[in-house]
Every structure is written in C-alpha cells, then in structure tokens.
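Each of the next two complexes has chain A plus one other chain: chain B in the first, chain C in the second.
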Partner chain A sequence: MRRPLLPVLGRLWLALILVFLYAPIMVMAAMSFNASPFYQLPFSFSTRWYAEMAGNPQIITAALRSVSIALVVTLIATALGTAASIALFRYDFRGKKVLQLLLFPPIAIPWLITGTAMLIFFFAIGLGRGTPAVIIGHVALALPYVIVTVTARLSSFDITLEEAARSMGAGGWTVLRRVTLPWIAPGMVAGALFAFAVSFDQFVVSYFLSQPGDSTLPVLIYTAIRKGFTPEINAISTIIITVSMAIMFIATRYSRFGGER
Partner chain B sequence: MSRVDVTAVTKHFGTSKALDDVSITFDDGGFFALLGPSGSGKTTLLRTIAGFHFPDSGSIRIGEREVQRVPVEKRDIGMMFQNYALFPNMSVADNIGFGLRVRKVGAAEERRRVAEALELVQLGHLGQRRPSQLSGGQRQRVALARAIVTRPRVLLLDEPLSALDKTLRVDMQLELRRIQREVGITTIFVTHDQEEALTLSDRIGILKDGRIVQVGPPREVYERPVDAFAASFLGEANWLPPSRVAGLELPCRSGAGSFAVRPEALSVATVPAPGKNAIQGRMSQHVFAGAMATCLVDIDGSYWKVIARDRDIPQIAPGADVWLSWSAADTIAVPTPA
Partner chain C sequence: MAEITATGDRRRLIAMLSPAYLWLTVAVFLPLSAMLFFSVLTALPQDGPDWSLTLQNYRLFLTDPVYATLLWKSLQLGLTVTVICILIGYPCALVLARTIRGRARETLFLLVILPFWSNSLVRIFSWAIVLRGNGVLELGLNAVLPFDVSLNLMFTTHAVVIGLVHSYLPYVILTSYLALQAIDDDIIDAARSIGAGTLTILWRLLLPLSLPGLLAGAVLVFVPVVGSFMEPRILGGRMGTYYGTVIEDQFVAVYNWPLGAALSFILLAVVLLILTLTSPILRKARL
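And now, the complex of A and B:
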C-alpha cells in the first residue's frame, strides 16, 4: 500500500519547524555544559559555568530581584485581573464592550512602544525609573493574560450558584470565597503563571524602566553580552528557559481555555 | 413559617413592565402555585419575593417584616432552582450544610441537622457523594433538603420539576407534597405545567402579562375561571358558538357573554340526554387510549373535545350526527373578551 505523500510532507515540515525553534536553544544549553570558553569542540562536559555563575554576586542579585519582582507582579496582577474578570462577568454597564476590547491591544502592541510610552508617562507624573515603575509596568503587561484566563473559566460558571448561596444567607464576601473563587481557581492559577512568566522574561520594559545598577536578570544578561560574551550567560539562560517552559506547560495544563474541568 | 403578603408591586425591566400592580397573599403553611405562560411574570414575582429583584413600588412582607428593600441573604428564605444549582466543589452533606455554616450553628448541630434533612428526603446514605455522582431525582432531593434545612420562613420553588422525566416527575410531586406537609413550610411554587399546579397546590395564582388573573383553590379556579384566558390556560375548554346558545340552560352571571364546557363534562350519544344541555355536531374522530378515550366532534367547523371512559363512548362512524350533552351546572360562563 502506498503511503499518502501529504502526511509525510506535513510531518517533515513540523519537524523542520521544531528544529528551527529549538536548535539554537539546544546548542546554547549544550554549550553551557562545555568546558571551553570559546565554544571549541570536541565537547567536554563540565559544570564550570554554572559554578561561576553561582559565584557571581551580580547575577545572583539580579536573579533574586527578577524573582521578587515577578512574585509581586503575579500577586497584584492576579488579584486585579480576577476582580476585573468577575466585574465584567457579573455586571452590565455602559462601555463594557469597549473596555473588553481595550484589554487586548496591549498584548499586540510592541513592547518597545509600550516601554517608551511608560517611560515618558512615569517621568511626566514624577515617578521616574526604578523598581516601583518596573512593577507597575509589568502588572500592566500581565493583566490582560490574567483576565483572559479567568474570563475563560468564568464563562462556564453558573451564576445561579451565587444566587443559591445568597438564598441560603451568604453575604457577598462568603459567596465569593466559598462559591465563585473555588470555581475559577484553575483559571487564576493559569493566569498567575502567565503573569509570572511575562514579568520574569520581560526585557524591553524592564530595560527602559529600571535604574542602572538595579537591573533584572534579562537586563543584566543584555548588558553582559554587550561587554563580552561568557558561557556563564549560557548557563543562566538555560536555567531561565527551563523554568519558563515548565511554567508555561503548567499554565496551559491548568487553563484549558473555556473547557470543563 | 410565615405568611407572605405582596401588595401593589410593580417592577419594570427597562421599558417593559414585568409586574403590574400585583397584590397577592400566601397563607401561612400553604402550598401555592404560580401558573402562567412564559413571560407572564411568575418567575419575576418569585424572584422579587426572594429578593433578587427589588420592586419599583409596592411592598412585600414576610411574616410581620417589610422586606422589599432587604437583600436576598437577609430574608431568611429557602429556594430551589430549576437546575438545582448544587455546588459542584462540595459534597452532598456540605451542600446541605452550607446555610447552617453561614449561620454559624456549630459543627455538631450542623451534622445533626444535615443528617435529619438527608433522612427527610430519603438520601441518608449519600452524604459523602459529589453532586455529579447523583441522578437527576437525587439532585433534586438534595436541592430540596438544602433549601429547607435552615428552617426558612418561606420556601420558593422555581420550576423545580421541569428537568425530570415524566415518571420521575410524578413521584417527585407526591414526595414534594409529603415533605412540605411534614415541615409545614409556606411554599410558593412557579410552574407552567397546569397539571402540576392542580396536583400539588392548595391555592393557585394565574398570571398573564405581569398581572394576577385569578387566585383561588385549584377546584374553584378550574370550575369557575374568571375569564377566557383562565378557562383555557387551566385545563381545556370547548367554547360554545354564540349561534348555538338558543334553547340552552345557561348560568346567569352579570356581564357573562361566553360559555364553555370542559371535555370531561361532556357525554356523547346519538340522542340528546334528557334534562341536560345538548348540542348537535358531527363525529370526527374517536381516539382510543386504554381506559380513557378522546372524541373530536365538529360543531360548526370547530372541534369540541370530549374525554371519557372509552366504554361510555358509543361506537359512532365518523361523519355521523351525534349529540353532546352536559349538565347545566357544568357550564363555565366568563365575560366576553374585549
């Protein structure tokens, strides 16, 4: 029996795409374990660059700062985004459609533009650069992701559950805590993971808004590369990629956009 | 337990009037059915009593308490929803205990009363299940137990049986009635199923276009409807054409203009029954359905329906002349609709 050509071509095409996407990452990951500082082959396995990275206080400080900023951003964005989703779900008000539409362009607008706009705006209002500005900027970028995932989960929520809880004497807060939040929790977890990833991986906006000497990890990597490349960067990048991919994987597992649990 | 008084309640949604000057009293411990076609305002009335809507004007009293501005959670009601609205993330026992926990009755008391409620609805063994593991009828019982476990002042039921299939529905009707009697709670029940309303309730309110058409015990509403809508909506009615009125003995009611006869009040024969009202028509169809049968008789181009025991209907060929007879007292008289 002749095998149809199209599926074979299709598979080949898919394989090429995956190679195209992941080959550079794989090379980088491999090189982070290569003992030679000049990418010389033959490959000889070493964890030297990881050790050097761990001994580099600049990298460690930046990494810790990135993680703390990402955690704060995650908390704020998840709380605000969840509240916004519930409001959009529960109430009808003038301009609701417009507001919902306005939530999406920030995902599409180039970060360079958003970053520039934020920088100008924060200087105009006297906030300037610094960690608070970075956090606000990241929250703004992360919010749409939280709203999208929580709204997707809410779309399968039965509003009569809230009515039933109220008929049994539960006030607004109890209804939220005991009925609504347990239902949207998976959407919130997914949104929180997205928010963390958006903040942790963010370069452009961080670069614009952070003060020199106060860099986040991506900003530090960028400046390090400009000064001269060391395989330490391979090591830290490999760690970041592994963590980011793990987060994205968990996030997509949790969100299952709009589906039943 | 309390009586519920609705006085001159009007409610608009945008420009449409959902309730139009509705006044109605629900007696303490009574089982009251609100009946009407969709869009008649029956559900709005129920939800206004529950507190999901506040009336634009008028007052609502539960017991001695004015509640028209009181939010749902402070009204001390029990409500059962059409889709049951059981919390999917909680066990059956936690669903039933929800209202008790909100009222902070304490763990021991909660356990005791949940067990009692489960016993009442005959689900004693299912407390640890999830709602998703229950059948439709069982979910319905859980919803009922959950609605009454807090001993609310009034029980509100929003088409609670419509999601069940026919056989189960009849069982649940009897069950609902038993539990309501046992608990003695004032119950208001919304339905569009006239048979359900007749079977279950001791009073019926018929609504149309946001207004109360008639209120009374089922038999009274059935036998003495106040207008053509009530007569046709609750049960079936054969309307007497004005041209056939001559020579019949009809009730004298002021303003009465239209007359109707219920299908089961009629008898079919080849001759008019002596001492009764009778009109002549042409046999159209005889539909056998076991013990009972339905006849359609052509009266001046419109069909009259007769429902009787099959053995009481003579075998008459379609197209033959027949007489339909009924006791004068069975004639329904209503004002002619404007």
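And now, the complex of A and C:
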C-alpha cells in the first residue's frame, strides 16, 4: 500500500508545534542550571542560582504567601462552588439559565478589566489593596472553574440514588455526606486543583490588588523582569512551571475537562 | 431533577447557591458597575470631597487620537495573533483528532494543553531568554548556519506576537480538537465511498462541521489578546505600548484612576460587543 503523504506531514507539524510550545520552557530551565550570570554559553552545570534563590528572603516570603493564598482560595472556592453545583444540578427553577450564564464573565472578560475594576471598588468600600483583596479576587476567578468541573462530574450522577436514600429515612446531611459527595469527589478534587492553579498562577489580578512590598510570586517575578532579571528568577520560574504543570497533569486525570471521551 | 415545590427545598436552594453568587457579585459584578461610575468622575471620592460628575474622560478618548489609535493597534494585534493561531493550530487539531488514535492521542493532546494551564507570566519570561540579543536562539542559529545572523527580535512587535501566539495557541487547538473529534466517522467513510478525495473531505466536510469550534477558539484568543499588557511590556519594550499598557499606566504609574476606568470601560464595551455578536457561535460550539 502507498504510504499517504498527508498523515506524515501532519505528524511532523504536530511535532513542530510541541517543540514550539516546550522549547522556550526547556531553555529557561536549562539556563537556571547554567553557571554564567549573563546566560553565556558554553553551558556549565551549577546549582548556584537555586542556592541563591533559597537564600533570598524576598523570594521565599513571596512563595510562601502565594502558596498560602492559593490554599485559602482552594478551600473557599471548592466549598462554595460544590454547593452551587449541587443546587444547580438538583433543582429546576426560574432564572437558572441566567445563573449559569453569570459564570461566564469572570472567565471571558480580560483580567485587566476585572482587576482594575476590583481595585477601584475595593478602594471605594475601604478594603484597599492587600492579601484579603487578593483572596477575594482569586476566589471569584476560581469559582466558575470549580462549578464547571463539579457539574461535569455530576452529569453522570443518578439523582434517584438521593431519592432512594431519602426514602429509606436518610436526612439531608446524611444523603449529601454518604451518597452525593462520595460520587462527585473526583470532580471536587479536580475542581480544587484547578482553583489552586488559577490562584497560584494568577498574575494580572494579583498585580493590581497586592500591596507593594507584600506581593505574590508572579508579581515579584514581573517586577524583577522589568528591573533586569538574574538567573535566580529562572530558578524560581522553573520551579513554578514544574509545580503548575504537575498540578494540571493530575487535575486532568481526575476530570474530563480535557475533553477525552 | 426536581421542580421546586416545598419551602424547605427553596430554603436549601438559596442556602447552597447564595454564597457563590454573592461572592461573584461582590468581587466581579459590583466592581464592574463601580467602574462605570468612577469613569464619569473628575477625581476619586476617597481623595477629597471636591469631586463631580463629568464626561471629560470619554471626551478625551474621542478627541485625543492617542487612545483610539492604541485601541486600534491592540485590535490589529488581536487579529494578527488570532489568524496565526488558527493557521498553525487548526492543522494540529486536525492531525490529533483524525490521524492519531488511541493512547498516543490522549498523551499528545495532554502535552499540547498542559502549557496552557501553566503560568503564563513564566512562559512569556522564557521567551525573553530565548529571544534576547545574544540569546539562545541567535547563538543556536549561528552555530548551525554558515553565516552570522543577528536576529535582535527582543523588544519588537514580532517578539510580542510570538509570545502571545505561544500563550494562546492551545485555546484554538483545544476547541477545534473537541469539534473535530465529535464528527462521526461514518460520514467520512460515506464521503470516501462515493469517491471524495482527502482535500474534498477536509474542505467540504471537516472544516464546515468543525467551524463553530474553530471560531469559538478564535474568540477566546482574540478577546484576551486585545486586553493584554504584560506580554507587550516584557517582550515589546519601547515598541510594546498598547491599549492595555496605557490602562495599566493609569493605575500603577500615572494614578489617573477615572481615566483608567473610562479606558477600561471602553475596552469592556468592545469585548462585550464581540462576545454578544459571537455568542450564537459560542453556544453552538457547546464549550
């Protein structure tokens, strides 16, 4: 049989795209292990920048702040998002379509607009900049992702199971705890991971809402890049991208958000 | 699914829904409304008692050509990036959805989507390292090519476009792939059995059937690119002044918040217009 040309070209194209997507990240990671402070070649292996990064209190404080903010955001967004998903799934009511549509703006409107609007509003109500403002903003951005992921899991849930449990005398809490939540647990895990990633990787909203000198990791990196960066930034960036890719890898295993059948 | 009948159900419904939606209201919908209000003020109320209503900020947008020109520049950037993303992303989605099968497909799809979910700022930063003069790309090319090239891509519009394409390409691949994958194999087989060639199938079947997905991806690329400011700042340098960077300046450098609010609101209007016009397509793509 003649080997068709198009599939071969197609695979080559796909390979090129993957190179395009991953090469810069690989280069950055490689340069974080290069001894030269000016990114000079030839390459000589060194962990110097990781050591300097670990000894830089600014980077470590920002990293800890980013992680704790992301954890708080994950807890709140997963709890509120799961409750809303179950309600949207369980009941039919007027205005349900509108409520589902309202999840769209936080995702679709550019973060520059949302972020500046939050800044203005939080100042107007006296909250101002700072970690509480950042958390409030991140939760709002993460909520739609949690609701979408948990709802996707719920769509395969047999609602009659709840009725069956109730008919056998189980109360509302028992039904939720023993029937519904165990079923949607994988969706909740995926939603929680999405929420963590949304917060941990969020730059734009954090940039407008965080107090100068009190910033999250991405904001610190942005400031450093604009001031003229050092390979320390490569080191912390390499760690961030590894962490966030690992989280998303696990999240897609738990959800069907990636689109696999 | 149960119709709401008992008052107990209604109470439970409200108890479960209101925390999430109250949060969204306080953190997103009220701020967006507040922005409209602030955009018609002369000064911020928290800065002093002497503020009044004005349309000056919007008049400035109409009279000073700088802002409209920059908005136009950002829209053009959005268009350029979107077209490039479609041209390189759609064939990629096609290969993934129609040529590659089984576990390999799942793995490759995940590989394409993964960077998209990772930190966008860090990915832009990685391009800064690759593109800078004397950077890896230049050194690599000079090592391979017999003649010396000086690329100097950093701080050019090209650099901004490359970085943005890298950031948003997975969107187009994702939505096109989902649409292409949903097409029934039987239709393709039927077309082939009556003698349709590969290109005919592509042009007359696959493209029209996956068009909603492709267009949804295009919208999802276009909208954030028009509002981008971090990518042009890092990769564009002095060439990187866009509508988004001017808004950023109003809030972090110039501290003219009312003007910033007005410019933000104009951008929001443009974005909402685009989303409304394309909402039939987005709904058809069922994302």
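Here are some notes:
Going forward, the second predicted complex is superposed on the first by the 254 of 261 C-alpha atoms of A that agree within 3 Å, B and C clash if a C-alpha of one lies under 4 Å from a C-alpha of the other, contacts with A are read in each partner's own complex, and residues count from 1 in each chain.
As a working rule, contacts are C-beta pairs under 8 Å (C-beta built on N, C-alpha and C of every residue); 3 or more make two chains touch, one makes a residue touch a chain.
Keep in mind the model is a prediction, meaning the values are calculated, not measured.
Room for both chain B and chain C is found when the two structures are superposed via chain A, with no clash between them.
Judged by the touch definition given at the top, the superposed model places A:Gly169 against chain B, while chain C stays out of reach. Touching more residues of chain A than its counterpart among chain B and chain C is C. Once chain A of one complex is fitted onto chain A of the other, the partner contacts of A:Leu21 are limited to chain C, with no touch recorded for chain B. Once chain A of one complex is fitted onto chain A of the other, the partner contacts of A:Ile86 are limited to chain C, with no touch recorded for chain B. The angle formed at chain A by the C-alpha centres of chain B and chain C is 100 degrees to the nearest 10. Residue contacts after overlaying the shared chain place A:Ala197 against chain C, while chain B stays out of touching range. By the touch criterion stated above, A:Leu161 is placed in contact with chain B alone, chain C being left untouched. Between chain B and chain C, the minimal CA-CA distance in the chain A superposition rounds to 8 Å.
Overlaid on A, the two complexes show chain B and chain C touching no common residue of chain A. If you check the complex, the residues on chain C that touch chain A are 1-4, 9, 12-13, 16-17, 19-21, 23-24, 26-32, 34-35, 38, 44-46, 88-89, 91-92, 94-96, 99-100, 106, 108-115, 117-123, 125-130, 132, 135-136, 139, 166, 169-170, 173-174, 177-178, 181, 198, 220, 223-224, 226-230, 233-234, 244, 247-248, 251-252, 257, 260-261, 264, 267-268, 271, 275. Listed in rising order, the residues of chain A touching chain C in the complex are 4, 6-7, 10-11, 13-14, 17-18, 20-25, 27-28, 31, 39, 41, 76, 80-81, 83-84, 86-93, 99, 102-103, 105-106, 108-114, 116-124, 136-137, 139-140, 143, 147, 159, 172, 197, 200-201, 203-204, 207-208, 218, 221-222, 225-226, 229, 233-234, 237, 240-241, 244-245, 248-249, 251-252, 258-261. Considering their complex, residues 50, 52, 71-74, 76-79, 81, 83, 85-89, 98-99, 102-103, 146-147, 150, 156 of chain B touch chain A. Within the complex, the chain A residues that touch chain B are 158, 160-161, 163-171, 174, 178-179, 182-183.
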